[in-house]
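Okay, here's the structure, questions in a sec.
By letter and in written order, the chains are A, B and C; residue numbering begins at 1 in each of them.
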Amino acid sequence: MTNTSPLHAPDGNRLTVLDPDRLFPADPDTRDRARALHERVAELPIISPHGHVDPRILLDDAAFADPTSLFLTFDHYVTRLLHADGADLALFGVGAGGPADPRAAWIAFADRWHLFAGTASGYWLRHEWASLFGLTDELSPASADAFYDRIASRIADADFRPRALLDQFRIEVLATTDDPLDDLEVHRALATDPAVSARILPTFRPDAYLDPEAAGFRERLERLAAATGRSADDPQGYLASLRERRAHFIANGAVSADHGVREPFTVALDRDEFAALHRDALAGRLDAQGARLFRGAMLLEMGRMSADDGLVMTIHPGVHRNHSSATFDRFGPDSGHDIPIAVEYTANLRPLLDEIGLRPDVHIVAFSIDETVYSRELAPLAGFYPALYVGAPWWFLDAPDAALRVRAAVTETAGFSRGSGFIDDTRAFLSIPARHDMSRRVDSAFLARLVIEGRLTMADAERIIVEITDAQPREVFKL
Amino acid sequence: MTNTSPLHAPDGNRLTVLDPDRLFPADPDTRDRARALHERVAELPIISPHGHVDPRILLDDAAFADPTSLFLTFDHYVTRLLHADGADLALFGVGAGGPADPRAAWIAFADRWHLFAGTASGYWLRHEWASLFGLTDELSPASADAFYDRIASRIADADFRPRALLDQFRIEVLATTDDPLDDLEVHRALATDPAVSARILPTFRPDAYLDPEAAGFRERLERLAAATGRSADDPQGYLASLRERRAHFIANGAVSADHGVREPFTVALDRDEFAALHRDALAGRLDAQGARLFRGAMLLEMGRMSADDGLVMTIHPGVHRNHSSATFDRFGPDSGHDIPIAVEYTANLRPLLDEIGLRPDVHIVAFSIDETVYSRELAPLAGFYPALYVGAPWWFLDAPDAALRVRAAVTETAGFSRGSGFIDDTRAFLSIPARHDMSRRVDSAFLARLVIEGRLTMADAERIIVEITDAQPREVFKL
Amino acid sequence: MTNTSPLHAPDGNRLTVLDPDRLFPADPDTRDRARALHERVAELPIISPHGHVDPRILLDDAAFADPTSLFLTFDHYVTRLLHADGADLALFGVGAGGPADPRAAWIAFADRWHLFAGTASGYWLRHEWASLFGLTDELSPASADAFYDRIASRIADADFRPRALLDQFRIEVLATTDDPLDDLEVHRALATDPAVSARILPTFRPDAYLDPEAAGFRERLERLAAATGRSADDPQGYLASLRERRAHFIANGAVSADHGVREPFTVALDRDEFAALHRDALAGRLDAQGARLFRGAMLLEMGRMSADDGLVMTIHPGVHRNHSSATFDRFGPDSGHDIPIAVEYTANLRPLLDEIGLRPDVHIVAFSIDETVYSRELAPLAGFYPALYVGAPWWFLDAPDAALRVRAAVTETAGFSRGSGFIDDTRAFLSIPARHDMSRRVDSAFLARLVIEGRLTMADAERIIVEITDAQPREVFKL
């Protein structure tokens, strides 16, 4: 079959975006195995236990505004590369909620579409245009208007509303990311709406309440205290307030708490040490070392709370947020210049794992954009501690080659059972099926290679592809 | 031949564990070359210049006790993954010398055998069961008893005693790892026993005598001093005692001294500086920086002694030992929670290499579990300093994909001549042939690819596969 | 065609050095695509915007002296591996401008030629000998004299002079690396010589004038001040002098300024802080932290000057220069013991990028020998900042497997448009075509794989291979 697949057609210039063999290895035998494995999971429902889709779009269920705000404005993977090529982010409505002239922005994007050749974003976008809009030609200045019109027309259809897509995409679970003080009324409304069959779950994300160096820290702690009927000055009350908000999230369906820290540093302090840090933090008197201790103590506290209340603890470290001051001033956060840094897990997590790492009922998922930690630290750690799981390749590593590298780096030490299952972590709602399909294809390709190399039976591979696609995320995220 | 090999049979579900083409790449031409290369070294004797087999099992030559203690109890690669899945290490007799109920432990292991799919440990175990016991079915709850009975029956046979296996495995050299105060009577007995044809060599491993932060440091130095008729308080006497014990090891066949340090930091101190550190170390007064200086000075001293007495200096850095306090308290060391950390070689080794790095008669072998140092530091260093060799991929990197990555990272800079040859570094005696065979297959696969890519002639590859398998370890370890 | 190529001939032992399919992947379909892509760029002119060829050899246009000084003496990639094997660098004339007995040195080299199997240097040398001298046999002790004689005879020919080779190699641009006080008369002479059609461009390399810890720093600043009619004691005059020298370089064709720093640390200081550092630097009173601040401030100043005068800023960090003291004392710099260290870009470049990173007219090219920064830092940074480009894999990474790894690490995040184009960075003039051909083959292989995996149309790949080979270096280096 391989030799008759479009990828191997004599005319390699026709678009291969939905070729059934895409992302599979070249070797025909391996490709056959990969295809057979992928077929077992291609139609399985999507479990998305961590991401950034705004739940309000599902509550409102309004038509998407226009192609540009749908595909570009909020996708900083895309706008960042346009920006690197000299485009003004303002054109695409970044930081302004949407573009002033969506069609002009789309045409400017089409002018620069060649930048995305070979990128993960380019792969997803082509997948989305082909599968959702039948657009299998290449986007170009010549085809820009036709693309725009086709997309604009389709998104006006009643069956292209977010809820309809939720069903069409076979999304069974979709987690959002939410502020601890969020009332979660949107989630409650969705949960009680019989027309929404997918579970839309909130995620407790307390970063800004745990970092004394975050802007508005004191005000945030005062709001937290007020919301829970306490004084901001009481360190134990601060912890109690966080516990209460977690309980509120759990009552509204949350299964995990997420921590976007600079480093996964944890430290156990005694009550007095912490009280002193807390007092200085509120007074704005902490130096850098004090602030680090405070964050480390609070990350450990979050682990303790997870051990108590059962929320899965996810950790996303190693990002220098808002790297470009001028861009941040003009466009705000999430405008494309969060840049990874090196991460250290072994020493940083030790206090946390010493307290709760041996408990199989505790689930901690450690993510990384620093590839070096997968074989060196994460696979060895997750291959010992029952509580620790290796997060799916994250952010810039959520791409075919990188995901294959991560599988190879983790599997020989930790096997397939210590991973989190795939996490799309996206705010681009329409890209969810493309991302999950990519992951399933990459895993199929990886397993097929092991079979061909005599390291796995095909029967094992057939079992594993289903487990890592479907069972693993359900189990790790307690779904 | 490739298309008729079991790996390519239409029914991929039958067990492929001893497929002659295992670990070879999928491409038929490359696979043919890899097979041809492997055939040249498949039957060569095993040189194992660094490992952790207990020499007493060869002296006693008793039958192995039971399948569980043979395969599980002492193999922390295996027990760690069972533990991560929630199993209690006590079940497998970890830290207790063996299991209370070996069959029950084996059945519990069989229940979790699926965890090992895709892991290096799983590959070795399947290889061992198939090649030594004819067990080519898959281990499962259903087959657990049959596996247990077959293994238990076979290990009772006279020709399955350690010495018989030593011959059957074609082990020519087997190095153990020993305490500096070991009398080495076991090694002497083995050396003079005409029934033991393999060379069983001790290795000088002084870590606990060089680290002021190790438990019982002062007592250890007192025992060392007493054993050599000196006072523990004399810093030059301390060095002299170590020199004497090395001489004792050399007299009993040792060819190398091994150093399991946290970081490969070396530093040259003058006599007075060292005397002051030594005094404070014995008094338990060293702070963290002082302890680091002491260790760095002693690692340099070990290098100086190697330059004098000819022992090959091996360095195994970058491991956070006994990461889980509770597990260490309950099960002791080597119970599966030694976790890698990042390593720096370029600056750390400079004082050592400045003193002895240009001497071709000095041999230093630098190992790493941190993959990042291979292309960045180790290949460049070993590609210049005659004294320095790149250790074979170690511990969690001793696996097919990782070993291929390390070959690719090292070869383009340093070629094939600057490696140590394969090191199994195992305490799992029965896994030694599987590990060496794996390494020979991976090297064959790597060389075959270079041939197919026009970067090496087949004649060169045929020469190199023999050299790196056989000549290199003999030369590097002065055998 | 693949199956009839020499690489697949039944007799794999014949030399494959100029096989048309070299460096292409084994899979026949992928190989066909790679070959087709390579054919599009195989004959394109060579753009070499950064390197270390001595321009005087082009001015003098004398015959090369002898095979040994041509191929070995100045190529520390080669001499380092001979040295690691125990050869004395003096034999090859390292640090002495050439060997005392070139033929004896050549024969010693032939004795050790096997060391280069699988290395990048070995690949280039074989390519050069085959393509320039018709020497397709393997170098060996038996063939050493024949090789020597053939090369010696050929380099005496009039059409083997440097200028003739410049034309034969189709070199269109060749940048050298020059001291800021260089008068550049050689470059002027070459620019005005109608017989030299290639552009031979100087590169401003001020390292030694920016590092207070460099030997002779004060003297160098005094010479700089004298050359520009200023006092060395004026910090603003120091900057002005550097600006003037850059202008002199620009007037003589320079397009870039190169910075070989230990770390790419940048820092913005106010005028008084810098003046104090400058005063202490001249007085030799700076401590390590002060010297680091001085270097960081000056790297930022160089960026500011590039933003003003348009010179492309290239940064080559992460090398511990002259690692072996004894070798440095005996043979001087560039004698093979510059060893990489880990590099950090995200935090270090932030002050620089905050000032000038958003300007598309500013071009900064960041190189690395530390592979870990490509996916973690460089691709994310260059995928956002218009001013920043990812340098081609450098030094020890300038090799087939490493270059493929770097492409895979960068492309999924930053695509193909954010790279520098290939940089040979060599002082080995004869290796330039081999290096550029290697890079074009590796890029063809990478693109072919993406096509076969359905991630790129063949039409896109055909466009991209030409762009990254030809357009990208012209654009990034403002040629």
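Throughout what follows, a contact is a pair of C-beta atoms (placed from the backbone, for glycine too) under 8 Å apart; a residue touches a chain by one contact, two chains touch by 3 or more.
Not measured: the values here are computed from a predicted model.
Counting residue numbers used by both copies over all numbers at the interface, does the subunit A-subunit B contact come out same (over half shared) or different (under half)?
different
Using just the Cα atoms, superpose subunit A onto subunit C and tell me the rotation angle to the nearest 5°.
120
Centroid from C-alpha atoms only, then distance subunit A to subunit B, rounded to Å. What do you get?
Centres of subunit A and subunit B (C-alpha means) sit 39 Å apart.
For subunit B, write out the residues touching at least two other chains, lowest number first.
Residues 25, 27, 372.
Spell out the part of subunit C that touches subunit B in their complex, as residue ranges.
Spelled out, the residues of subunit C in touch with subunit B are 7-8, 12-17, 19, 21-27, 80-81, 83-86, 114-120, 122-123, 138, 320, 323-327, 336-337, 339-342, 369-372, 396-397, 399-402, 405.
For the complex, which residues does subunit A have touching subunit B?
By the definition above, subunit A touches subunit B via 25, 27, 29-30, 33, 344, 346-347, 350, 353-354, 357-358, 360, 372, 375-377, 379-386, 388, 408-409, 411-418, 449-460, 463-464.
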